[in-house]
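Please read the structure below before turning to the comments.
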Amino acid sequence: MARMISYKQAINEALDLEMRRDPTVILLGEDIVGGAGAPGEMDAWGGVLGVTKGLHAKHGNRLMDTPLSESAYIGAAIGAAACGMRPVAELMFLDFMGVCFDQIFNQAAKFKYMFGGKAKTPVVIRAMVGAGFRAAAQHSQMLTPLFTHIPGLKVVCPSNAYDAKGLLIQAIRDDDPVIFCEHKALYGSEADVPEESYAIPFGEANIVRDGRDVTLVGYGLTVPRALTAADTLARSGVSAEVIDLRTLSPIDWDTVIESVENTGRLVVIDEANPRCSIATDVAAYVAQNAFGALKAAPQMVTAPHTPVPFSPVLEDLYIPSADAIVAAVHKTTGPVKSAA
Amino acid sequence: MTNNPFPLSRDELLTAYRTMRTIRDFEERLHVEFAKGDIPGFVHLYAGEEACATGIMMHLTDIDRIASTHRGHGHCIAKGVDVHEMMGEIYGKVTGCCRGKGGSMHIADLSKGMMGANGILGAGAPLICGAGLAAKFRGDGGVGLTFFGDGAANQGTVLESMNLAAIWNLPVIFVVENNGYAESTSVEYATAVDSYVDRAAGFGLPGVTVDGTDFFAVYEAAGEIIKRAREGGGPALLECKTVRFFGHFEGDAQTYKAKGENDHNRAHRDCLKLFGARVTAAGVVSEADLALIDREVAALIDDAVETAKGAPLPGARDLTTDVYVAY
Amino acid sequence: MNERIKPIVMPKWGLSMSEGKVTGWLKPAGSPVAPGDEIVEVETDKIAGVVEAHETGTLRRVIGEPDTVYPVKALIGVIADDEVPDAEIDAYVAEYATQAAAEAAEEEAPRTHFIDTPAGRLRYAKRGEGAENVILIHGFGGDLDNWLFNIDALAEAATVYALDLPGHGQSDKKLADPSLKGLSAALLGFMDALDIARAHLVGHSMGGAVAARTALDAPGRVASVTLIGSAGLGDEINAGYTDGFVQASSRRELKPVLEQLFHDPDTVTRQLVDDLLKYKRLDGVTEALTALSGALFAGGRQADQVAQALAATDVPALVIFGASDKVIPPDHAQAIGTRATVEVIEDAGHMVQMEKAARVNELILAHIA
């Protein structure tokens, strides 16, 4: 049965259920148990924000704290995946990809193709993404576009607890390497989540709100922001459809195109920096494939082309806001508020 | 029957010779064929280092995994990858072991425990820790070996992996094939310690340095540390001091080498000649035995080259397949 | 309140409905209306439906504005005779708002329950306190929410249970015996667990066959059967629907399959599709549905027939079909023969109990009376 649990609990539950189901699922990461070898308690942290808390008690040495050596343990997870395990490695902050990217994009992503289809690498790399924690430039980035660029990787970024559980279960069962992006600002958000296991297929966007006048496309934190914007827009007579991409690679072009064909207007919201982003990708695809349906130029609401700032006042300006989304929609509708 | 002073039977000695001869002929032939312009891309030849791959791999079976390097043909052959499929791959043919999508630097055959040659120096070390971890979870007694040169030995990945393997007591062996050159840069210049065994000691790993042109030295040292790892004794490092008969890649004029260095190595440090001399002098194997193998290997390589040349190329549809298991 | 004035309110369709959107009025203000007339279209996040008149009179006020969301029980229209003065109606409307707010505060949405049975843990809803027991049994791939337009109406005359069969809804997904007998045994186990000695069984589609099977095997436990768009009454079944439902894994694949369930395909909302996808994604569901579909409807043929056997009993039987049922041919309604009360309802498809709820409820209430 379903009950309200948080995004963080949903991830913990997905890991627990899959470890129970499949003995080849193992977890590696810095402090995912917390306290390994230290004189105090074991499972002291359960991950820096407690996402894996309690799993060590249930699954013992199938959770392994790692030294602070991202290349070594992310690579070990990938190597173990190529040897029949289903490791879930936690990179803590996706920003840390810089110290282990070779293992992800030159090794995991390439094995299947380079080896003529004979390899499979069912590894999941979980990492926190996104701004809003006053964590500044090296712990807050939305680096999704860097991964969607790489053939061979799948990229997932859930916006709510229900999706977080089902997408992570799919990621673990998936035979390809998956970058699983957890928005840290959503860890506390709650949704109705079944207790049972379920897998949400990749490449299927979710229409979280039906609308007629404009299509808002987002993922992760930008989905609740888009919903807030849609509420505001409804009061001025603009009916906004909100699409949650859920997975960025593969990406569900059909749902986006169908929606734009109905609404004629597109606003893409992306917390990534603007150049070569998910926003530019979606806008370009729609322009190329649904040009005739467009009543106005597609608009993009993104972070600016800057690092993530520290000072709260600056960081709040950095993250795409509901107001910015409303303003972008008004650019597509023109001076007439009601497009109905 | 002559008394056999070696730790291998006569048949095993012949197998070792056949493996080394196959690697040598494979590489010498590629040197010739590459110059004709028929082989795309670039190739890095292993000739001169045959005793390292062969002496180590004779202790392994298909459950044992290796992570190789850009100079990986010898590792592949010694690990049992099919020579015809390798040649097809190097020619970019659809009959290649990677269907022409990998080429010389990415030859792999996971069914043989060969996790891939690798174009990224030092990248195999973390991967083989994963192989060791998987073997440990499965409890199948498998070991993992990662090969790297004196150049890649300076990669952070290798050092991180030694630490990881040590703290998790993984059945993993780090094999440095020290041929004296990181591409064109000498080991004396680029490496601060005199011996990579000193590096291993820094991570609490036992290490041993052997003459990599001496098959028996490699065989015996590798046997000991592989057995130890298999029995749960943990990781170790094996440094094989060896020689590279050719350049870093084909087309390398090798002007950074000393004058006459290659000739000297071929005359005095050729592992095949040294092996042949030892086994025939002991009377365990005859010149005729070796000559027969030489002829058989020559025929095999001839056939592999001819077959590869005549094999079909990949089709346009192969461009976009094999990216994902499902997408 | 003024008894000459009758309210039209935002209906409560199902356990989770808290609000609904008026999508359009089918009658303009001033129209004469009679019971059963379709007055206003309402859409919830789950399903679109029509509010019917329960009174005779004139539609005096159209209050609910199209495309506007109202809470359940909010006043959206008024019916009264022509002689009622406008002033009285205005006063009624003004007073209604305050009273509705007070009522809303005291009512908590009823929840569903779980019970352990030999067939696993089953979810059910229970409504009403009548002397007679009614058990509502959904069809293949369905759940107790298939009765959202019926359960409250029937609860006025009986104690009504609606369950999720094994493999369905929120009940356990493992099926010990994926056959009609197995489902019937699960139903009897459910009745035992809740101490229901005897009940009127109302089954839809596959649930109809379960009801009939149970009546044949345990006649003492079954007061009557109501078979709605029922399986077991003939050979054919639309394999495109049953296989399509099992195989569909995306919204795009599932929506056209679900549209076959209704006379009006627009009834299928995005939320209805999403809810069914959420169910279908649960571990074990695909296996359960595949097993059931293979046992009951392989190759577009129904494996189990109950009509002849049922015709030979004296179990009171009501058979209801939608005239445009695209899943099971509506001529199966005649299979039991004259012994059964038979009604084939126009402008309704396989989900006739949802599409023509008022008429179906009326027929069932008469049948169990």
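Of note:
In order of appearance the chains are A, B and C, and numbering begins at 1 in each one.
The rule is short, and it goes like this: contacts are C-beta pairs under 8 Å (C-beta built on N, C-alpha and C of every residue); 3 or more make two chains touch, one makes a residue touch a chain.
Keep in mind it's a predicted model, so treat the numbers as computed, not measured.
With steps allowed only between chains in touch, the distance from chain B over to chain C comes to 2. For chain B, the chain with the farthest CA centroid is C. Should one ask which of A-B and A-C has more C-beta pairs in contact, the pair is A-B.
Per-chain CA centroids place chain B at a distance of 70 Å from chain C.
With centres taken as mean Cα positions, chain C sits 38 Å from chain A. For chain A in complex with chain B, the residues that touch the partner chain are 24, 26, 64, 66-67, 69, 71-85, 87, 102-103, 106-107, 110-120, 151-152, 154, 174-176, 203, 250.
Those residues of chain B whose C-beta lies close enough to touch chain A in the complex are 65, 67, 96-102, 106, 108-111, 115-116, 118-120, 123, 125-131, 133-135, 137-138, 144, 156-157, 160-161, 163-164, 167-168, 321-327. Considering their complex, residues 1-2, 162, 166, 194, 196-201, 204, 206-207, 210, 254-255 of chain A touch chain C. Residue ranges on chain C touching chain A, taken from their complex, read 114, 123, 170, 173, 249-252, 270, 274, 278, 281-284.
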